[in-house]
């Protein structure tokens, strides 16, 4: 897969392509037409740099220092200082995938021609990606009105300072450049700003989140389907006429998937003892999962725009022969989507907890209390409820929005922000907790299925059941459940529950 | 306008039509095809009611009592008890517009034929709307998994109990029915559930919110445009090529509107003393307003689905000859949109505050401190900052999501909820605060414009300026500003700032 | 009770005395020693006013205008402008009790001699209290770093402008002064600041909150005791040795009170069928109530300090012959206590809900489902669960802290705030919801007791039971429960549940 | 210091002693009187174990299984299963200090005689502490109604299963017991519950938090004092008469400490150019720090109670010859204090940020913009504002309360919780961020002092200044500030700023 090329032109970068390059490390090529735009844009910048026309961050300072003229003789020094003074971020370190995503996104947008960066730097992004140089970025230092305090680390590496991972080994940038046959760049006018003034870290993290979440949602639908079988729940809410009557996009997808997973399941054969209708956590779960999909659709729609839209300020417009101050760094529409997604995920988490509580309750299942194999002396899945409740409480806390927490900075100039990075870090923590929670639900479901004895599982759930049982055996004695929980976490985190379930889809 | 008819069929109800009926009190007619569906659906229900086939809420109880059989002889009593025992809501009272919206929405969905309600009740909704009977509904009693504890008041009125507004006068339902020549309905099987089991109150409130917000957003763009003129701010970020480069939908709309408002403004003439670039609260405001529009678009998209989609549980499927338990009460996709909208509005509020702080700061404006007309003895717009800061703090609090706050009810059956009504009540409070905040910004902008002396305003802002000055005169002496703030609140709340600005648009 | 006098000296004002004056309208007298301090302090101010020594808000401006000199000839105009320009608050209106509490607190602190206000104004506060003039104050306009934007209304009334309630009738201040034989005051140096620069509105609201909460807590303990009887719960957790072993202050008080209420109850007779131990919502409720008491103790401790401590800035120190800038307006220690209290109250609310859920559950009680009098056709307390769940969700939202939501104002000078007023308004809303919730619990408890038949209630709970049954009869048929809920709300809100229960204590 | 003994008896354990044992690894001895209580209590339990009298968790099951009888022949198996099935916690791992604190606290409380645990287990706690065996505990698995899902790991180790740190090396418990000459315990009746049913993990973490916070607060006061010198701020608010007038406890402590640090500082010499009064972030910082101290005092008061109070359920009362169900696991009063503390810390964080913004602003300081050493080409402390703003936004998020997020578990029996562990984990994260923020403030303060040239620093601040300058030199060129920030973080985190400042106090 590594030998696939991803061709970019600033206008058509897709979420899948970002994953292709960031995770699967495909090579990146640039279209000729796009390259021409970069060159033209730079030519215009060079024509302007001596002009009396003040341009922010080019022949004038940045931030409050926008009133200070930059002497063309000092462009290199000025831009180097800009990079250095913007190195203000602290732990945690970004993953290599994240940094690759960020570099690709920034690179792609530079091809639109609004940046005016020197072509050599554009090439450097491409080389870093293709030669596997990955600057060490720390994530706390952005308030989400462009990630300038984090992306500076890329500039630092390009001038041969700071640290990079080269083929996954951490070393000085100077050494890595040498080993990969690259020369440090010499910064010119506007280059510093071109490198730092971007939301690429946030957008990159969001793309990775989307990728992770899509795989997780398929597994969540699968665990829910298995849970329905363990519960002996009603499948009438999945009836196609009913789903059609509702029209909601996300829930259509989840309902379809769940029906596929449950193909040939015993659940489709109605029987007497089944409850007339089930608790909402069973009845409506596909719809709540669908709501997460709806939120995710909003996020994806925004990401697609941001992947291919200028974020440069000032924007270079060579054809209009202008370089103008603008607001293209603004990212609120995407951040608010991530925050909606976090809220949405909290619903998914909570009702999964409530489904486990039901599975442990004989009144609902007709099975043993806490799914114990032996009432008299095995406690079974009793205390484990505290584990998922604790994780759910964290999620409820994590889903609080953070974008509103900002104040005025930089001489009162930077008086809007979004805390975008923190918002998506919280999404990531929520997913981590969801792996545990759905892992525990899978443990409950498999145990209930075993206790039920000979029931016919669906085509997909059958596979999932086997996979789970490869990880954790039937609970026939009390044992240290932390170990089982950890196993299941890993299974879901690596998307292995889908193996043999959805063809070619992992 | 009142003599316009709105024709409904369950499938094409629009946001505008809800406003037409709810606010402007248009008459409602039902298509013949839709009416036939209602009749057919009911016929099937009546065939089923004696059957041994247990159907939730029809020949079986509701909630945990779903295990209890209902004797056909007791259908009326059972449904009356159902209505009565669901009267559990408390203050505040819904507005008449809200209740009308809810009744129309519920009526429209009944026409899809999934409800199986008796046709007489369907007619009753229509009559209530057309004869201006409006049951007294209280809003706290719904947890947002259908508004059953609130909508029961409609059923109560239909059987001649409780209270209604008849032509805006509050009276007993019995009296109102008599005066309007209506007979109380006699409830039959499934009728109780048909009336209460719906999210119509929430969706109705959301439609009214959308309507209010759309008018507000136009005014907010207008106040911002005026503020730009008072500030002598840069308009380069509104440059069409830059907006095109960004591609975001909402900000395109706001940018276009602001450019229209500012047509012929002095701001388009660049001049020397203007700052190289402005604080983000000025530079990016159209984009932040655009983010609100993006959130609103998500909400509108969902509302359009919910206006014409079945929410009935159980769903009656006459053609399949089934009545099945389902999850069509689920409303999360819309609620999460409302919560995103609340977050989005908080950004809009905060940066409006920050714009006022800048307008009061001579370093940014070159005008007097706190826009005082006389430095030596008038304090001007100093303490007023506390007023908008206090309102902004409330908004920051109000924008916290509430949908995650739920637990299990009703014998552990109702274990998902969304607190939908509370979420949209919070939206409403946020808008109320925004009227004040943007009213204060308009006061600041007009004062700054006056202090600037002879500047040429835009075509739209010129009208807005005059309208403001009709409400509050130039501040030439310290005076009780609470009174001015109240005037401006009313102006915005009644959308009067748009008079003569946007043709035929108020 | 009205003819009781409250004597104040700036140092010994108690919470009870504030209630005495604010609610019961007792007369206020000032000690001679305190009066002398006022006079001495003012004399020193007058000596200083012409001096070259700049003093904030006296011979220099306020806020950012602190760099501007005030000409002694303009002291009156300057102070009048200060009052006017500080009138920036909006709805809601404070209650008369609140304004009286605020005036008393401000008056008392003036007696410490750090204010330097003219004695005539001190007398004016006293006269307003004793002659029942109550300025109309609006509450939104304070950010909780002194309530200057609200308290300005008192100054306005004192100079004969704005509106006041005179013997509960709203009229112009001028008219009210005339009717009560008072002359408007003529403001001198520092007087404006002396009037507005105070947290008296917040502290006053907090005192009223404490008063209300103390009465509520007694009732909450009582409802819980009744609920225990309805539940047939274990009283072993109240065993004195166990309580001693725990040592917590608040829970000792609640446990003692509950034991008193339950004196002679059938619960003290152990019997077989009782559960081995009860759900935590029953077992630990006295402790959770005790935690509210612990939080309240913290708040009361702080209030006692704030009632008798200088909040003046600048502080006048006649003996040191200095007037110095200081931070005595700071109120965070109290506000954080109010926010802790809100959190604490949310626990109390939630477990009350959970107790009701248990009372409705035959598995726990051995009684009927939803406490219905007739299983076959009365639904009973089923849907009402949505009402308390909705109120609980609001409380969970309301208990979020708001003090952290602040930013820089007033030329970056006012860069700390606490949103104190909003915090305590939220407490008030929480209590309102708690009246409803505990009202519903009382309904459940009484119904369970009736269903249990002949059981012997405790000495206190017996009285409470009768009182409840005077409001709402046994639920023998489904009926509109909203009306019952409203009755119970009023009973608790007026503290009437305690009648005949705690002697002389209401 | 290691050879100090800490003698415990269940009644007098102090916060300092917990630190002594947990951090400094002092030996623990038990008084004879206390030991006798343990023995007596156990003797009574053994007498009761065969009795027909059902006792929760002894001869009956735990949780919902409280209705199941435990056969005395199976006591060991039952208790082993109890321990195993309670192993449900996941990462992060507790620190060794934390586990030692938890073991000591649990041990101390066992000495009160309410536990009824076998003496051998009591000795085992003592041995684990004195022989440096430390079970591996994971922290997520408690909902804060006793930490049963975490503390099970201690029981696991005692029976020779799971893992422990032995002299800081991780190994199997079996091996560690062997190496230290200990035999695994054989569990008897009530022993499982005795080990797990405790809040010792939370209380232990809180004690460590207090310890860390106290050292931090001294440093925070010191950094603030230094900042005042860099700012050339007013010290009048620290005037002893003014502080006396306010009476607040916490602020007295901070004010005193700051005055000590500033002894002989140039700030005490008033001069003309100083501002008449400073922004609140300077003027009131000692008071806001004091509010943190007030919150901390509340927490310490509660901790002292919890360190020496029974938390056992059921409680064994040998003298009354009873074993009774109770609520002594309740921990809300302490948790709400921790949540208040978190709110309080957020104020401290925010105003530190605002002080840095002021230090970077020439209007306030008369120094260079962003404290640059050279206006023309060094950017200085400009972008770093994004770093502290990002950390502050996290704190604002972290200070949200989490204790209200709970629902019903364990067959609806466990329907109250506090999420205590998560609450104190959030405190810890807040402090981590505060180390960075105050580290950055120290960098600003030292830079401002250098730019001011020859000013005389206070006795304490002088030492602090030197210490800072050993870590980070004067910023004379732009450099990678992340590295400086990291240095300062470590300095504060290790409390090294206090070296030579407060004698014997680190």
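For clarity, chains are labelled A, B, C and D in written order, and residue numbers in each chain start from 1.
Assume contacts are C-beta pairs under 8 Å (C-beta built on N, C-alpha and C of every residue); 3 or more make two chains touch, one makes a residue touch a chain.
The structure displayed is predicted, hence computed values, not measured ones.
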**OP:** Could you tell me which chains are in contact with chain A and with chain B alike?
**Re:** C, D
Subject >> Chain separated most widely from chain D, comparing mean CA positions >> reply: B
**OP:** Would you kindly tell me how far, in whole Å, the mean C-alpha position of chain D lies from that of chain A?
**Re:** 33
Original post:
Distance from the CA centroid of chain A to that of chain C, rounded to the nearest Å?
Top reply: 46
Original post:
Among the residues of chain A, which are close enough to touch at least two other chains?
Top reply: 350, 357, 361, 396, 400, 406-408, 412, 414
**OP:** In the complex, go through chain B and note every residue touching chain C.
**Re:** 61-65, 68, 74, 77-78, 80-82, 84-90, 138, 140-143, 148-149, 152, 156, 161-162, 353, 357, 360-361, 369-370, 375-380, 382-387, 389-394, 396-397, 400, 402, 405-411, 414, 417, 419, 421-422, 436, 477-482, 485-486, 489
Subject >> In the complex, chain A residues that touch chain C >> reply: 407-408, 412
Original post:
In their complex, what parts of chain C are in touch with chain D?
Top reply: 54, 56, 60, 66-67, 112, 114, 145, 234, 236-237, 239, 241-242, 245-248, 250-251, 275-281, 283-284, 286-288, 290-291, 294-295, 298, 302, 305, 308-310, 313-315, 317, 320, 322, 324-330, 332-333, 336-337, 339-340, 343-344, 346-347, 350-351, 354, 357-358, 361, 364, 396, 399-401, 403-404, 406, 408, 412-416, 418
